[in-house]
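In what follows, chain A forms one complex with chain B and a second complex with chain C.
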Partner chain A sequence: MSAQAPPRTELLLQLADDELVLGWRDSEWTGIAPFLEEDVAFSSIAQTEIGHARAFYELAAAELDTTADELAFDRRPEEYRCAPLVELNLVHDWAKSVARRWLYETADAIRVDSLKASDWPELAGLAAKIEREEAYHALHAGMWRDRLTRSTARERFATAVDELWPYALGLVEGDQRRILCEAAGREDVPAVERGAHVEDWPALWEEMTMVRRTVPGGSW
Partner chain B sequence: MAVWEVFRQEREGAPFQHGGSLEAPDLAFAEAYAKEFYGRRAESLALWVVPRDSVLEIDEPYVAPVFDRDYRRVDGYSIKVKLKEARERAGTPAH
Partner chain C sequence: MSLASALTAERVWEALADVPDPEIPVISVVDLGVVRDVQVDGERVRVEFTPTFLGCPALDVMRTQMADAVRALGAEPEVVVVTDDGWSTDRISAVGREKLREAGYGPPTPRPTGPIQLVQLQTGAFRCPYCNSIDTRLDNLFGPTACRSIRYCRNCRQPFEQFKTI
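Here is the complex of A and B:
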């Protein structure tokens, strides 16, 4: 696969990589979330994000003459297009993980909404389907944000949002950043842009791709 | 954290039946978890989510009578015999 994909495929890879990597990161809470009910809900949301990644990869794979699995797991770490926000390892910091979920869902809603107007019918249709599931994610993220904002952890949560905000802006581009600022009620600041990867990324890539790399080209 | 009881309706017109319970700190969380656990696979048409504290549990529903009032019960009461006698009186043949 060439390093530079056509523009519309480039966008698909960004979306797919964001969803895959965030799904992977959130699934790191499985078994250790604050309480049992949340453990199930958080894991389920992580799984849904990976499902969305799969749908985006399949669309991209048809364009690039490859498969969803190859796109998800057979690229080099530097070939992934995900935003640095989703790469951060936040396990053991629940306030930060909730802050990321809330910021991600807020930005993703704006992005998915614009995709519904895409002149690529498959992508527009997919966005409409994904939006239905993202509504539940947004409900979940919103209720946690409200609760932490009112709790004894409110300062910790506010600090987490402050820290992650420049990363959240990096999820979207152009006019969508202005819409994100309005939706989140925050000022525009220099964003942590896509392209560079954070130092937590190589270890995650190692883990994500480990099984497939043991048997290159194997079928499962 | 409060316990919430979840009742689910499988089909339109069907009675709501107890599905299970969950723990949640407030109504918003209870709603989200109920949807997640009982609605994600389209297995329910509607849900009732009730705080357990709001359920009146009666675990001694009937005080056994001291006196013999077995006429209040239907066991041992043979409708078949009574029906046969009634039919004979009315002159209608049994089928």
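Here is the complex of A and C:
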């Protein structure tokens, strides 16, 4: 696979990598969330996001004559197109994890909405289905944002959102940034763009791809 | 004349009606409404289906079981996953809904028309599958699988799994 894919495949890989890596990060709360309901919620959300990643990878794989698994797990760390927001290791910081979930869902809703108008029927149809599933994620994220905003964790949560905001802007491009600013009620600032990877990424890549690298071509 | 030459879509539908949902075996993939189309072309059978949620871990098992059911009819299966919004939980049959309720799952409420909205927080929209009371509350939007929430019946004090509307 070449480093630079065709534009529409490039977009699919960005979407798929975002969903896969965020799903992986969300799953890190499995077993250690503040209470049982959130163990279940974060695990379920992680599973759904990775399901979306699979659907995007399958569309991309058909274009690139490869498979979803190869795209998800057989690339070098520098070949992933995910936004730095999803790479950050935020486990053990609930306020930041909730802030990321809320910011991500807010940005994701904007781009998924635009994908529904795609002239690629498979992508438009997929976006419409994903939008229905994401409505549950958005409800969960909004509920937690309201809860932390009204609690004694208010300042801690506000600091987390401030810190992650430039990363959130990096999820979308062009006019979608303006829409994101309006949706989040925040000012435009220089974004942490895709392309560079944060220092938390290599360790996550090692973990994500370990089994496939250990047993090349293995199947289960 | 081979067996397969007499194969009709109707016979394939009948065979698929015996394929249980891997996670809720009381209901078949046909009653669950996930089978969208069956096309028979000689000895080849194309089955289109849509998972309730894209991340459903039962997807591959469903695909394998449906392919096996087609093979048992002597035909060559092609099972295709269609990932668009043309499917909704409204497609679960009346028989399927009753089977879900009997097994202790609240069947999904109808998909609202117009913009996407969630009825999960409304009171009165969900009926307890055990005692039929509508005095139930949402305990967790997320449940043991992507397609189910956890609700609690205040009347009979029983938690139950509520199918999400998609």
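Quick note on the criterion: the second predicted complex is superposed on the first by the 220 of 220 C-alpha atoms of A that agree within 3 Å, B and C clash if a C-alpha of one lies under 4 Å from a C-alpha of the other, contacts with A are read in each partner's own complex, and residues count from 1 in each chain.
Heads up, the rule we're going with is that contacts are C-beta pairs under 8 Å (C-beta built on N, C-alpha and C of every residue); 3 or more make two chains touch, one makes a residue touch a chain.
All values reported here derive from a predicted model rather than from experimental measurement.
**Student:** Put the two structures on top of each other at chain A: do chain B and chain C fit, or clash?
**Tutor:** On the superposed model, which is not a single observed complex, chain B and chain C clash.
**Student:** Output check: A:Asp146 vs chain B and chain C. Expected answer is one of first, second, both, neither. What do you get?
**Tutor:** first
**Student:** Output check: A:Glu131 vs chain B and chain C. Expected answer is one of first, second, both, neither. What do you get?
**Tutor:** A:Glu131 sits against chain C, while chain B stays out of touch.
**Student:** Who does A:Arg54 touch here: chain B (first), chain C (second), both, or neither?
**Tutor:** second
**Student:** Once chain A of both complexes is superposed, is A:Asp108 in touch with chain B (first), chain C (second), both, or neither?
**Tutor:** neither
**Student:** Considering only the touch criterion stated at the top, classify A:Glu87 as touching first (chain B), second (chain C), both, or neither.
**Tutor:** A:Glu87 contacts neither chain B nor chain C.
**Student:** What is the contact status of A:Phe35 with respect to chain B (first) and chain C (second): first, second, both, or neither?
**Tutor:** The answer is first: A:Phe35 touches chain B but not chain C.
**Student:** Looking at chain A, does chain C or chain B touch more of its residues?
**Tutor:** Of the two chains, more chain A residues are contacted by C.
**Student:** Touch test for A:Asp17: chain B only (first), chain C only (second), both, or neither?
**Tutor:** A:Asp17 contacts neither chain B nor chain C.
**Student:** For chain A, which residues lie in the overlap of the chain B contacts and the chain C contacts?
**Tutor:** 37, 40-41, 44, 136, 139-140
**Student:** Quick one: which bits of chain B touch chain A in the complex? Just the residue numbers, please.
**Tutor:** 1, 22-26, 28-29, 32-33, 35-37, 40
**Student:** Applying the document's contact rule, which stretches of chain C touch chain A when the two form their complex?
**Tutor:** 50, 53-57, 83-87, 116-118, 120-121, 139-146, 150, 164, 166
**Student:** Mind pulling up the chain A residues that touch chain B in the complex?
**Tutor:** 35-37, 40-41, 44, 136, 139-140, 143, 146-147
**Student:** Chain C touches which residues of chain A in the complex?
**Tutor:** Of all residues in chain A, those touching chain C are 37, 40-41, 43-45, 47-52, 54-55, 122, 125-126, 128-133, 135-136, 139-140.
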